[in-house]
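Several structures are given next for inspection.
Shared between the two complexes below is chain A, which pairs with chain B and chain C, respectively.
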Partner chain A sequence: MRLEKGIISSSQLMFLVAGYVLGSVLVAAFTNTVTKQYTWLVVLSGLAVSIPLALVYVALTRKFPGKDLVQINRIVYGPYLSKLVSALYIWFFCSIAGFMLAYLSQTIKDYMMPETPLFAICILFTCICAWTVRNGIEVLARTSVIFVMIIIFVILITFFLLLKDMELTNFLPFFDLSLKDFIQGTHIMMTLPFCEIVVFLMLFPYVNKGVETKKSVILGLLIGGGSILIDTVRNTAVLGVASTIMISPSIESVRLIDLAEIITRLEMLVITLLLIAMFIKVSVMYYGTVLGIARLCNLRSYRQLVLPIGSIIVSLSMMTFDSLAQSNDFATRTGPFFTLVFEFSPVITLLVAKIRKLPK
Partner chain B sequence: MKNRIGFIMKIMVCFMLILPISGCWSRHELNSLSFVVGVGLDKAEKPGEIQLTTQVVKPGELKSSSAKNKSSESGTNAYWNIKKTGYLASEIIKDFSHESSHKLYFPHNQVLIFERKLAEEGMQPYIDTFIRDIETRFNVLVVVSEDRASEVLDVSTGLEKLPAINIAKLVETQKITSESPTVKLIDFIRRLMSKTTAPIAPLIRVTGEGNEKTLEVFGTAVFKHDKLVGELNKRETRGLLWVINEVKGGMINVASSSGDGTVSLEITRAKSKMTPVIQADTILIKIDIKAEGIVNSQSGSENIASPDIVFSLEKKLSAEIGKEIMAALKTARDLNSDIFGFGDSIYWKYPSEWKKLKMKWDEVFPDVEVALNIDTKLRSTGNISAPAVPAKE
Partner chain C sequence: MIFLLTITFVAIGLFEAPALVRNKHWRELTVFLVFFLLAFTLALLQTVGVKIPNPIKGVEHLIKDILKISYR
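Right, the complex of A and B next:
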């Protein structure tokens, strides 16, 4: 029984993955406090580490063609344990959507609308996401193609406009990072932007050519990772050591653009970028949650779940973090471990499936 | 039936969507804002207190095309300086609401002026709000004034209607002579955050009396961490700018080779590179400078358009640049303030050695050796090759 009637092409999947990864482009600034001017390095190492995990996700979906994560869990872990595992996953998707929404609304509140209450931003944003999720995967995939192109365009244009302000000495000395910090940075980078694509296990069954999934996921990761790399290189080159104290280095560096006093004050571009990238990310997580619950409870359609889950996500985002300091702390300390549990367990699922010689 | 209800709902939603288009929650209408173009910080009489001067624009006066006549004094300045005292800048900024009916709006601030006495006590407590606040920008120019900042913000030359804009443009114009640095807030922060590199800022003062008051930019204020410890004069400043690759232009006079008058050379291009070398216990900083110039004027009658003479002029130019750098270096050593960024350059190249040096950098810095390698080229002699004198027989 198919919950979703839509079908997406493998190139759309690629853009969806890229857009999803780019949703964390500003979140990547969290590692700045840990890795200082070497953030670009941990972006690369994080990307390198996350590709094997992405391959595991693809291998899992190849082993069980046409099945999503909840169904795979049911086959592998049996009827009772699988319910618990799937429920935990759904909770994970839902809470990440909430955290992302909290980060987005806090940033918009801080930089654009300081007097607007958080819930106004949250509710309006979630309404759009809910509408998209209700319309299904096809709509989301098609918008992501356009959005990813806009995001990459903005990142590139700000990069070139800031070329004259860049100082390569900001990257020196070449590698003066303690191993502990390097591992911590890589861990943050791997778990937060890249490996959160574990939610795509819910979406893989709707790709029209299952064979090309691997290629599109890896390409999507590379596009997303490459754009994050350009963004972090720009920030470090422009701001230097000052980027470690900024809440949002991307906004601050783009603020410095001043081309003959005509092209200035472009920081709204970054906020727009954040808004549309977060739209893809939150929508995919939202979609994963809704689809998961519908599958878990054997519903015939997921549509009636959209609004209730949306309200849960909004209230979650309002409740979780009291301040930006808290969310920064979560992203650098607790978050990577919290997400790693869920990002690593598909490996265990694959091993268990191998041992039990599934599917029969 | 169902379709019709759906249609009516859609129409209603469309009408409801009109409402949010018209306005925005935290809107700031243009006529309820005061645009701040300059901020000055002075020491107040009470210890620990500061006086903050903000210059806001009076848009109505700005538009009037009639050139403002200083003698008429009809109170039609295009700006208004609001002054208040208090302990912290952020607190005073909020206190301005007692006097200004408009909300102060900082994103268009051009210049941040610190009184020298205040800078001597440390700028960190006062500069923080200008970094932290969402409204302020990092493009703001940082200036240290010899006189009270509130006075500096009141000197208008007639070229600009707003003194703060005048100061900002004045500081930017210094690249013609390279005898005063142009420091943006972001540069200042970067130096402030460095463990060794000391911040710098241009110095400004009021000259003249009464209606003839003008502003003059002279030299550089040298800091140690966030405290002002001394100054460089114009010549030393250019010595500093040579090293940190900030020279954009300037004039250097050298004696002509035959001893007949002086030749004035203009710098058109300059590039420098700093390479530290650590051997055994000595630290050597190699500074390579490549400069290009043209002959700007000549007071003697000698024909200088011959390769030999040009070569000797280049030699003299190099020597003069070397002298400027050594003068700056001497002052920096006396003040024990690493304005050149030697410490950072060692850290970039020798991170492991730096760990030992870092602790005792203050003792090491005055003994750091510097080797100069200056290469100058005179590319042109201007419109004429020989001066306008009768040809010699």
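Right, the complex of A and C next:
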């Protein structure tokens, strides 16, 4: 039976995927500490590696039309093992929502409101996400269209305003990157912004035309990846190697915009961008968690779970990271392996389904 | 703080539970209560200041020290 009454169109799905990928536009700067001025290169290679995985996710939903991740697990792995796999996935979605919320609140605390307690920002933000999730997927999909337009507009306008500050010599020397750093950077880029779209396996059943899912997911990934590329190129061109020691190079580079001393201090634009993009990302993760739990326990509706799960996400975000440096350390060293396990296992699910000749 | 927290959670309970009881959705009510109590315990422990074991430290320990596959 259907938990969600709403239906989204494939173009809305495209914008939702793009907004979801753009949610990590500032988080992607973590890679700077590893790959220095070659971050643009690993953005491209990460995007290239993540497209086959996205195709696997789409292939999985095509094999089981109208089924979400928990139901697919149930068919493929049987009634008992599937409970464990699905519970792990739900924990993964929940914890990623917590990390993203922690990153957002730490950034706002560091750059805008140093005196405000962290939990105030977390709770206010989660309230808005909870309201959206309670109203269903349609609301989220419709807002994402407007929000992605705003995000892309902000990225482009800051790029053009910073053109006179850019020095292309910052990209030199070309390709002086060791293979180990390149692999690590690609791994971070693949797992952190792009392949987290594994949560969309919970949302694919609610797209009206299942046939066009593939096109919209790939286009969404390309839009999101292109915007992240423009952002990283701007940061490196403006700041050079200095961007590697900054926690948030986007804010630092946009701070330099100075047009005849009238248009200055545009870093608020970046914070707005962060808020909007994170709203889409956290809401989708939150929605995936709530829907997954409702599906796992065979419930008739997911609405009553929204507020308790929101409270758990706030608690998680409060206790996981104490500072941005700590989340940077996790995201560059151990985080990629942790997320890769969850992002790669749909491939195993697809293989097992092929071997067992499912669905019969 | 504890007072505010309790009021918030009581409000959440009163907001969700009556409709479930009226429609006799007992299964939904059970799952709701489990997560509600889990959320309340977590929030209460954090407000009082008890150190809760950080799940990320556990994941880091698993990957770094037991599996030894992390980047340096």
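What we mean here is this: the second predicted complex is superposed on the first by the 360 of 360 C-alpha atoms of A that agree within 3 Å, B and C clash if a C-alpha of one lies under 4 Å from a C-alpha of the other, contacts with A are read in each partner's own complex, and residues count from 1 in each chain.
Convention: a residue touches a chain if its C-beta (ideal position, glycine included) is under 8 Å from a C-beta of that chain, and two chains touch if they have at least 3 such contacts.
Not measured: the values here are computed from a predicted model.
Enquirer: After aligning the two structures on chain A, examine chain B and chain C and state clash or fit.
Expert: fit
Enquirer: Check whether A:Arg255 is in contact with chain B, with chain C, with both or with neither, and answer first, second, both or neither.
Expert: A:Arg255: touches chain B, not chain C.
Enquirer: Scan A:Asp110 for contacts with chain B and chain C and give back first, second, both or neither.
Expert: In the superposition, A:Asp110 contacts chain B only.
Enquirer: Tell me which partner touches more residues of chain A in the superposed arrangement, chain B or chain C.
Expert: For chain A, the partner with the higher number of touched residues is C.
Enquirer: Which partner does A:Met319 contact after superposing on A: first (chain B), second (chain C), both, neither?
Expert: So A:Met319 only meets chain C here.
Enquirer: Looking at A:Glu4, would you say it contacts chain B, chain C, both, or neither? Reply first, second, both or neither.
Expert: A:Glu4 sits against neither chain B nor chain C.
Enquirer: If we overlay the two complexes on their shared chain A, which of chain B and chain C does A:Pro173 touch? Say first, second, both or neither.
Expert: In the superposition, A:Pro173 contacts chain B only.
Enquirer: Regarding the shared-chain residue A:Asp231, is it in contact with chain B (first), chain C (second), both, or neither?
Expert: Neither partner.
Enquirer: Taking the superposition as given, does A:Leu299 touch the first partner, chain B, the second, chain C, both, or neither?
Expert: Once the two structures are laid over each other on A, A:Leu299 reaches chain C alone.
Enquirer: Between chain B and chain C, report the minimum C-alpha distance in the superposition, expressed in whole angstrom.
Expert: Least C-alpha distance after superposition: 11 Å.
Enquirer: Share the list of chain A residues that count as touching for chain B in one structure and for chain C in the other.
Expert: Chain A residues touching both partners: none found.
Enquirer: Using the touch definition up top, name the residues of chain A that touch chain B in the complex.
Expert: Of all residues in chain A, those touching chain B are 110-111, 113-116, 120, 169, 172-173, 176, 239-242, 245, 252, 255-256, 258, 265.
Enquirer: In the complex of these two chains, what residues of chain B are touching chain A?
Expert: Touch list, chain B to chain A: 24-26, 107, 134, 137-139, 186, 189-190, 193-194, 344, 347-351.
Enquirer: What residues of chain C sit close enough to touch chain A in their complex?
Expert: Answer in residue numbers: 9, 12, 15-16, 19-20, 25, 27-28, 31-32, 35-36, 38-40, 42-43, 46, 52, 54-56, 59-60, 63-64, 67, 69-72.
Enquirer: If we count contacts the way the header does, which residues on chain A are in touch with chain C in the complex?
Expert: Listed in rising order, the residues of chain A that touch chain C are 34, 95, 184, 293-294, 297-301, 304-305, 307-309, 311-312, 314-316, 318-321, 330, 332-334, 336-338.
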